[in-house]
Amino acid sequence: MKCFALFAVFITGGLLLFGTADFPEQGDPHSPPNAGIPGDGVSISHYYLTQTEKDTHVPNVVTAVLADYRGYDTLFETVVIFAAGMAIFAILRVSGEPRKRHRPITDSSINGDHRRIIIGTTCRLLIPVIQLFALYVVAHGHHSPGGGFQGGVILGASFILFALANNLTAALQRFSEKTFMNLACLGILIYAGFGIFCQFLEHNFLDYGVLQKIFHTADPQMARSHSMLGVEIGVAFTVTAIMFAIYANLSSKGELDNGL
Amino acid sequence: MIWQFETILLIFLVIAAVISLRVKDLLSASMIFGIYSFLICLLWATMGAVDVAFTEAAVGAGVSAVFFIATVYNTKRRSSD
Amino acid sequence: MSDFFLNIIRPDFNFWIYVILMMIGLWAVIAKRNLIKKLIGLSIFQTAIILFYVSLGVKEGATIPIVEHHSGPGHPLEERTIDPEKYANPVPHVLMLTAIVVGVSTLGVALAVAQSLFNDFGTLEEDEILARLKMDPELNRRSNSSTHV
Amino acid sequence: MSEQLPVIIVLAPLFGALVVGLAGPKDHRVCFPAVLASLLVSFCAAIAVAWHVHTNGVINYFVGGWESPRGIGIQIRIDQLNALVLIVIGVVSVLVSIFSIRPVGDGRAGKTPQFYTLYCLLCVGLFGMTVTGDAFNLFVLVEVSSLTSYALIAMGNRPRGTLAAFNYILMGTVGASFYLLGVGYIYLSTGALNMEQIHSIIAMPEVAQSNSIKVAFIFILVGVWTKMAFFPLHGWLPNAYSYCPASTSCLLAPLMTKVSVYVMIRVILSIFGAEWVFGHTGWSNLVVWLGVIAIMAGSILALAQRELKKMLCYLIVAEVGYMVGGAWLADEGNWGLTGAVFHILGDSLMTLSVFLVASIFAKKIKATRLEDLEGLFKRMPLVMAGFVTAALALIGVPPTCGFYSKFYLIRGAMDSGHWEYVIALILSSLVNAVLFFRIFEIAYFGNKPAASHGHDEAKQGGEDDLTLSGQGAPFTFLFPLLTSAALIVILGIYNGEVVEFIRIVTAPK
């Protein structure tokens, strides 16, 4: 096995280096990916950088490309996450009724354990801040780095942190299995709904400009900007729910009781 | 982009990758993998890919390290290689 | 020495490193016996590809791809010209956001399958699992009865 | 609304999945109608789109309305080639969904909503892979379909199946990463992601000569080969498909490998261009030889199996060899490529039929090994009729489509002088004949008393009355099987029309 591994690895490495021979110099602003091929019209990278703000009023080019120009990709990226959540549920979740709790854990007993008092208090202080920051990341993705994925992951991580600091059951009391599965579906429904709605208004899928009539904005560009916020919220829902769902299933072997 | 800084990061990156694969304790390996993710996130921040760096910080260094740890917690901590 | 480094290694240093990381990752996926180690290798392999993509979008002296926002009355949008060489190429960043998310989803599913394997075999070492399968060829029928619940 | 059809094909199963995900856990009875309805919508849309392509030519659909300049948005492009593949995916997914109503022995106890959600998402991935005209979007949809198929395989709750799923995850992810890497190298040398745009740039001589494009092509090819289980990379397939739940194997076996072969042909025709790919003569010879090795290895390994499903899995490996070798024959008239495309259509139906039969055997009489099949002609005449049709098609007997695809493949091989491929094809047909006549012999002449066998096993089955009811199979098993068997014959009879339709894309310009 090791010999085969070495063989495969060196073949791959050799091929990669063979391809490196005619690479453009790193950081060259005129290389094909950065400036396109001469004679092929507008480079997509240049188009995005120069036209995004005119097309969508969104200064963060990455967000605009992600949620609008290549929004179809992002829809399916969200579907991948959703599929992962469903997959883990299908593989790990122990079917039937969850086993009954020996000792019901209530709010008083969460922090009652003295060994956990420092962690518990710190998390109590931290988690609201983290969640607020996550919402900010989702909402401010148009103007600064961030967006639905990052915000969603951070929001999901805040629930994971809660589960780590207290225990999984306590976290699940606040964010139950049914809730997060429905939330995950709802997120994709929001995203695809925006696209389908455009189709009902006789435009192509995800052609947000037509939603101007709904949002009552001054121009179609602003409608695009608003719709992007909408789909980012959808993405954030799905990502939050699935990140927590994956953690909950992985840490409790699919029993969703006492986790890590 | 300061090339000295980037070079040091790249070298640390390789070191972190090798160590996380060589450590026999899977919990340590997961933690070092988290460090690896964090280093690569710094690297991307220096390259101007802030959104990618942000995602990697949240996903790679945060959530996927936790996923690894959760799995190691439920299985065996020692590894034969 | 430093000349050599600056002229030969430095210009393509990212590419060298990404090739090395990719080789490390692939080697771990094939040769490591522990399933978790394989998955760490797989993640390293994927991040190496992401590193490659991000390196494509770098421009010397460019800033992050967020165009300066000042659409006041004095700056009508249509008259502004943006110099694309001042900003890093956003396309690889967009693609790699997708790839990272896809990567973490795959990782989650793979870890779940690894846990389920641990439930079945009680170990995460590939050679021990194979040995156990050889010892007990009927293992594949073992849990059949439970599936009819 | 009709211009929205291309995207509706992909979206309908997605909505099906969401409906199942939201309402399924409350009431399991919602699942099946929602799935069937959404797949039927896709199927009808696929037929409408194919008709549209037939009358008006290629459809281009720009998601988000980002049409110009070229390549800024994501393009969906449907030509004659993927119109046919879409119909096949539609047919297979609808038929298998009907087959899956009775979850006997599927190992999805209490997880019906999850099963159907994943099922729909898998169809989303397959439809999406087929329609897309964007190199990166293809990667995302490949991941959608792969991730769901990992889960569907691992759901089986059989240790061997889970191990196979893990290996599949490793190989599948490495393959997808190779594909991604190849797209990266293309992007590096062309700065484009839209397939048409890449094609026009690669036609420029200075780009066509560069090393990066060659490396990109090799990586993409290896990635796609891993997905389709081309011979040296087939390791994950046999165990994954033989130890997974019955409905899953019926869905995955006909579609995953064939859609990957379609992706390979799409990459050759639409991204790199047939002139560029077949311009490197050495490559074509090499790949045809690899195909020959795959055919021989698959056939020989199939001969060695004693379990029906495992045997069929190795036959898939051989069939992939047919299609890859055929697509690379590079003869003057591109008959090999045409034959490969026709074989994708025919082989999906044949594989569907034989896997349905194998699953019916496994479900009804708990027979997985060849010896267990004794006396089946008397007990299940209709099932065996379907099986015989599919087997004759796999062997390549005239009125079925299997004969015609082999005919076109051999014509291409003769035109290009690849006699080794002709020999391999004929030998493998002989092996298929041996394999299937061996089964017929056991099933026809073997006269093991049927009743005693059925009862012992049925007691373990507990509440599933199916096992006991003995004679004949229920309608939900028979309908998919007989439909696909009929389609095998129909496709064979109308092969001229279908091939003419395919030739619009594959004929040399």
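We call the chains A, B, C and D, going by the order they appear; numbering starts again at 1 in every chain.
FYI, a contact is a pair of C-beta atoms (placed from the backbone, for glycine too) under 8 Å apart; a residue touches a chain by one contact, two chains touch by 3 or more.
None of these values were measured; they are calculated from a predicted model.
S.K.: With respect to inter-chain C-beta contacts, which pair, B-C or C-D, contains the greater number?
M.R.: Higher contact count goes to B-C.
S.K.: Using mean C-alpha positions as chain centres, tell me how far chain B is from chain C in Å, no decimals.
M.R.: 11
S.K.: Round to the nearest whole Å and give the separation of the Cα centres of chain C and chain D.
M.R.: 28
S.K.: State, to the nearest whole Å, the distance from the C-alpha centre of chain A to the C-alpha centre of chain C.
M.R.: 16
S.K.: If you average the CA atoms of chain A and of chain B, how many Å lie between those two points?
M.R.: Comparing mean C-alpha positions, chain B is 20 Å from chain A.
S.K.: If I count partner chains per residue in chain C, which residues reach a count of at least 2?
M.R.: Answer for chain C, listing residues that touch two or more other chains: 14, 20, 26, 55-60, 62, 64-66, 91-93, 97-98, 101-102, 105-106, 108-109, 111-116, 149.
S.K.: Using the touch definition from the top, which residues of chain B touch two or more other chains?
M.R.: Residue numbers touching two or more other chains: 1, 50-51, 55, 59, 63, 67, 70-71, 74.
S.K.: Give me the residue numbers in chain D that touch at least two other chains, ranges are fine.
M.R.: 109-110, 136, 140, 143, 147, 150-151, 154, 187-188, 193
S.K.: Dump the list of chain pairs that touch, please.
M.R.: A-B, A-C, A-D, B-C, C-D
S.K.: Show me the residue ranges of chain C that touch chain A in the complex, using the header's touch definition.
M.R.: So the residues of chain C touching chain A come out as 11-12, 14-15, 19-20, 22-23, 26-27, 30-31, 55-60, 62, 64-69, 71, 77-78, 80-82, 84-85, 87, 89-94, 97-98, 101-102, 105-106, 108-109, 111-113, 115-116, 119, 149.
S.K.: Would you tell me which residues of chain A are touching chain B in their complex?
M.R.: 27, 60, 62-63, 137, 145-147, 149-150, 153-154, 156-157, 160, 164, 243, 246-247, 250-253, 259-260
S.K.: Quick check on the complex: what are the chain D residues that touch chain C?
M.R.: Residues of chain D touching chain C: 104-107, 109-110, 136, 139-140, 143, 147, 150-151, 154, 156-163, 165-166, 169-170, 173-174, 177, 180-181, 184, 187-188, 193, 243, 460-464.
S.K.: Okay, in this complex, where on chain A does chain D touch?
M.R.: Interface residues on chain A, with respect to chain D: 15-16, 18-19, 21-24, 31-37, 39-45, 47-48, 68-73, 76-77, 79-80, 82-84, 86-91, 93, 95-96, 178, 181-182, 184-186, 188-189, 192, 195-196, 199, 203-209.
S.K.: What does chain B use to touch chain C in their complex?
M.R.: Touch residues, chain B against chain C: 1, 3, 6-7, 10, 13-14, 17-18, 20-21, 26, 29-30, 33, 36-37, 40, 43-44, 47-52, 55-56, 59-60, 63-64, 67-68, 70-72, 74-76, 79-81.
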